[in-house]
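Read through the structure below, which is laid out as structure tokens, and then see the notes.
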Amino acid sequence: MIYFRSDYSQGAHPKVMAALEATNFEHTDGYAIDRHCERAAEMIKAIIGRPDASVHMMIGGTPCNVTVIAAALRPYETVIAARSGHCYFHETGGVEATGHRVTTVEPSDGKVTPEGIDFAMSEFQDEHTPKPAMVYVSQPTEIGTVYSKAELGALRAKCDEYGLMLYLDGARLAAALTCKSNDLTIWDIANLTDAFYIGGTKCGALFGEALVILNPKIDDHFRWMIKRQGGMLAKGRLIGVQFEALLEGGEDSLYFEIGRSENKMADRIRSALTGLGIEFFGSSPTNQVFPILPAKVVKELERDFFFYEWAQESDGMIPVRLVTGWGTTDEDVEALITRIKELI
Amino acid sequence: MIYFRSDYSQGAHPKVMAALEATNFEHTDGYAIDRHCERAAEMIKAIIGRPDASVHMMIGGTPCNVTVIAAALRPYETVIAARSGHCYFHETGGVEATGHRVTTVEPSDGKVTPEGIDFAMSEFQDEHTPKPAMVYVSQPTEIGTVYSKAELGALRAKCDEYGLMLYLDGARLAAALTCKSNDLTIWDIANLTDAFYIGGTKCGALFGEALVILNPKIDDHFRWMIKRQGGMLAKGRLIGVQFEALLEGGEDSLYFEIGRSENKMADRIRSALTGLGIEFFGSSPTNQVFPILPAKVVKELERDFFFYEWAQESDGMIPVRLVTGWGTTDEDVEALITRIKELI
Amino acid sequence: MIYFRSDYSQGAHPKVMAALEATNFEHTDGYAIDRHCERAAEMIKAIIGRPDASVHMMIGGTPCNVTVIAAALRPYETVIAARSGHCYFHETGGVEATGHRVTTVEPSDGKVTPEGIDFAMSEFQDEHTPKPAMVYVSQPTEIGTVYSKAELGALRAKCDEYGLMLYLDGARLAAALTCKSNDLTIWDIANLTDAFYIGGTKCGALFGEALVILNPKIDDHFRWMIKRQGGMLAKGRLIGVQFEALLEGGEDSLYFEIGRSENKMADRIRSALTGLGIEFFGSSPTNQVFPILPAKVVKELERDFFFYEWAQESDGMIPVRLVTGWGTTDEDVEALITRIKELI
Amino acid sequence: MIYFRSDYSQGAHPKVMAALEATNFEHTDGYAIDRHCERAAEMIKAIIGRPDASVHMMIGGTPCNVTVIAAALRPYETVIAARSGHCYFHETGGVEATGHRVTTVEPSDGKVTPEGIDFAMSEFQDEHTPKPAMVYVSQPTEIGTVYSKAELGALRAKCDEYGLMLYLDGARLAAALTCKSNDLTIWDIANLTDAFYIGGTKCGALFGEALVILNPKIDDHFRWMIKRQGGMLAKGRLIGVQFEALLEGGEDSLYFEIGRSENKMADRIRSALTGLGIEFFGSSPTNQVFPILPAKVVKELERDFFFYEWAQESDGMIPVRLVTGWGTTDEDVEALITRIKELI
């Protein structure tokens, strides 16, 4: 069975594992107050050019999203997100569990639009309606698409118009930053958002995300918020150690190398399938590929390959999701393309 | 200034006030454990033909909705509602404040449809998505429309298909039960839902709603839930006394009389405006009338009449909401119609 | 059966009912934005000498406490209260339902002490422990005792030392302000606390409390908080009308008259029982009397009088609670004293 | 600097790291549905002799406690814990963040007593007070003490008397199970509790705890609860792999070996300090040692050793906490003892 199931089906990139091995016998204080977390934070501040940022080592994407939103909002406030956005759709009500409504808008190619924000604001009236306070986006989106610099700039302008914060979920940020069509740098993100996170779990780490808070209001007693939300890791240094390994070297670092490798593998699949006349769901340029395949091809393919059916069969066709990870090999990709060619 | 602003702009119907006066010096125990609440509950069980029902005297509509939903759902569960539904749109995140997502669906003429429920269920996948457990509807809806017996029956069937509970918000139930086109009796409601409430605030009471729970699962330690949610009134008997006054006589009672009077006034307005070629937003047959008027007519009308603009001006027209209450008089209605005729 | 059960066993004082009657046919806008609520607020600001205060008409004591605490605290913060304090002991976890711990301290004669605050602060360490942000007290306390001006001043000083807010629950404030031993005026309270409420329900109103917020931080979007917590009354003016009736005339108003009458009745009971050598639980000088009576006297008394047993029998004795209300008469008190004399 | 700061100051036991290395390139499905988690669960069910148990791989102790409590309790219910209990004292209100009060009782030598439960139940009255539903204990306790089989049996009997569930936090279970005075086996725990967890983080793992649910009521849709509370790890197999490594061999496994080693080191410290006439805070027989040392000794010791001061100085003495971990060496212990001998 060859996995195109997700970018978290293997352990950590070998260089990340090596860093954990190398530091395993060290003694440090707990809860992410240690030299490794501190150094990883300094590296991140240098990479984004924001020495004023506050960096927190988070245990995973959902606790990161939920904790940021719970810290940023007053009880009567709501966060705007795409209906397909992770914090609404795929976190089992984690945000609502902290007492906040997520106000959904219809996405366009997976993305929140300025018009969507206008719509959400048009529903805000007075003390009978929750007050929007933040916009949640992810880069790349749930369907692998990426915001251009102009698009994120337009969202920032719209947020400023309404006094909203802008938060960016970077679970797969390595893939976004290194895909061919991307023009949005990590510097841009750091200057256009109030907070964002640099995803580790789906970009070569065992687990862990590096949260970057630019707006001090969100940072108020943030370590209390992490603990309250259950996201404080006793051996917190593990996240610091991994981000040191991932980010050493800045744009030449392992983190960017992993993104490039994932995208290269995905591009090969996209290119081959396009050549076969196959259509796609959305316009992902990153490590998630969403071909729409004949149902019987899908069923045959599932004998040897493990992946998600993205939606139900319709008119004999099924959209599927193929994801490449740090460990996806040329051989894996070749086998997949060959098999699809046989089946089409 | 003549009010068509809401059905809660005056105090209580004089007969309700008289009942409060008549019982004012009585001593009873607090928190709705007293002879009046008990008698009102018995009257309601007789009216709906369900001696097994559990009846609770609630302080208002929002606490009623929120407490029912919080009592009925497990933490990981969600309630399905129209995007325009009160529990989603107009309660400032009260449901989310108890930790539950409201899953919205697009309404048709203000109503939840079986297709809407299918759509919401299609979004439910596994442990990463909140599990739908209940459907919330209101009768009449936010725009005054009413579910027919067939429509509510179809929702019940759809709920049964998916194992969902069905809850009906009856804030303006008097108007729904007595409007000309209605074929859905209170017996039907009691047999098609898991819980519903008989609204008092907007139907002649000073305040208070009578919650009827048919599904014992929702009723578990419900008084604890009321207290936890801040909805337990010290002088709880006040609600019982009012419902005794409203419901004495069953279908000939003051409650139904108020509904008929409100609808009669609204029908006269609708009829006169229809005669003037005015169009309406939605098809309300109850005490809320939603004419779409030229903006300059609206502005002139606002000099003498107090009402809501329901949406923003579009193409020179503004949809407005005109509501009749227990105290709306022939003279009020005549004045309104006359003035609109002058302005059109 | 004669009631000494509570000060909420009857309806409203006749003058309050008269005010509700007199205004019943008026039309006003809803949700406590109307001339009566506005006027009541102005009256209160004049009485307390704080034109800068923000006044909100609240539906009851528990929603008042819970909404203030939820509005004042950040998610990781906790409120300090006596273990016997209403917001911890008697609100079924209403504060915790908004996500906040109540940190309890042992009371002295029902009161929070500066030493208690020191103890609570000694338990606060770092991000692993909730951060105390507010102290909750009630005047009078759950056992009817009152803080002197010096005592409340000492709590204020202690709060200032630690950067804590001070909130005072005045459910029975009329009784506290008018009891013989009181030296703490409503002016003092308004200058020593960050927020407090003037109780209506237990002081002659049908229901309703007037919340006074002195600290603007707590007042941020407070009407959103009221709605979110389910405490916004549609016919909000009802609370304004009642407080107009209660407070007209300032210190000569009905509110103070009711307090004096309740205390006078309670003092007569206390005096008579003291004369019989009966001991008391706590040192209440207000409208709650806590004699410790022989169990068999209690059981006999319960044939004709309705009251709470305050704790379980111990050594043949039972502490009971006798409460006087606005409608307690000389005859009621005489009958009680006579019967106890017969039984002792 | 030699660390006696905590049992989470180093990475994982080398055998655990080796297991992570050995499985690093494997592809598995995410979210703890994989062969390793499945096998670890089977091993645990065999060790405890309860094939009917449900086992969940949890990311940490606080998410484990909070998720169990939130899953087990209805909204109006409360959990009873020692005031020093981790879920009350050291989780920054994590339980309250899910809407539940923690009802505290005074511990005896760190332990909840049957009398404590009686006290908590005596405070439960009616719908105005939260209903106790569960008792939380930890083995060992916060101060390292252990419940005997008779003591845990007595708590179970008391829980049964009141219809309460019993939950045991086993963050340091390895140390408890292997200390000299222990007579409470893991079989006993599995038969006396409704749920408990086998701690990994503080017993040799990088992170992760294995939650064992014996009462099916708690297990309802538990994976939904894990996700909602933010505790679902994408690469969930990491926890399974670690517990396979820790538990292979049952009572001869690495888990028990680590416990024995930690206790042996702690016993040497205790024995040496006892010989010096030093007194202790509590009677811990496990890997936490709480000597009460002269303040000046503490300050000198802190030059070379890193540990917690457990409480503030009193009469010139400071109670400190010394913790041994899987990596604590004979040399570390020898150095500590030698230095204390010099300083005393």
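Letters A, B, C and D name the chains as they come in the text, with residue numbers starting at 1 for each one.
Throughout what follows, contacts are C-beta pairs under 8 Å (C-beta built on N, C-alpha and C of every residue); 3 or more make two chains touch, one makes a residue touch a chain.
Note that this is a predicted model, so its numbers are computed, not measured.
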item	value
Selected interface, B-C versus A-C, where C-beta contact pairs are more numerous	B-C
Chain copies touching (chain C, chain D) - same or different residues, decided at half shared	same
Chain centre separation (chain A, chain C; CA means) in Å	51
Interchain centroid distance [CA atoms averaged], chain C/chain D, Å	42
Between chain C and chain B, distance of the C-alpha-averaged centres to the nearest whole Å	33
Residues of chain C engaged with two or more neighbouring chains	75-76, 91-93, 97-99, 127-128, 130, 224, 227-228, 232
Complex contact set, residues of chain A against chain C	31, 70-71, 74-76, 98-99, 127-128, 130-131, 220-221, 223-228, 232
Parts of chain B lying in touch with chain C, wherever the complex brings them together	1, 3, 5-6, 8-12, 14, 17, 20-21, 23-30, 59-63, 66-67, 91-94, 97-98, 201-202, 206-207, 224, 227-235, 238, 306, 327
Of all residues in chain A, those that touch chain B in their complex	75-76, 78, 88-93, 96-102, 104, 122-123, 127-130, 312
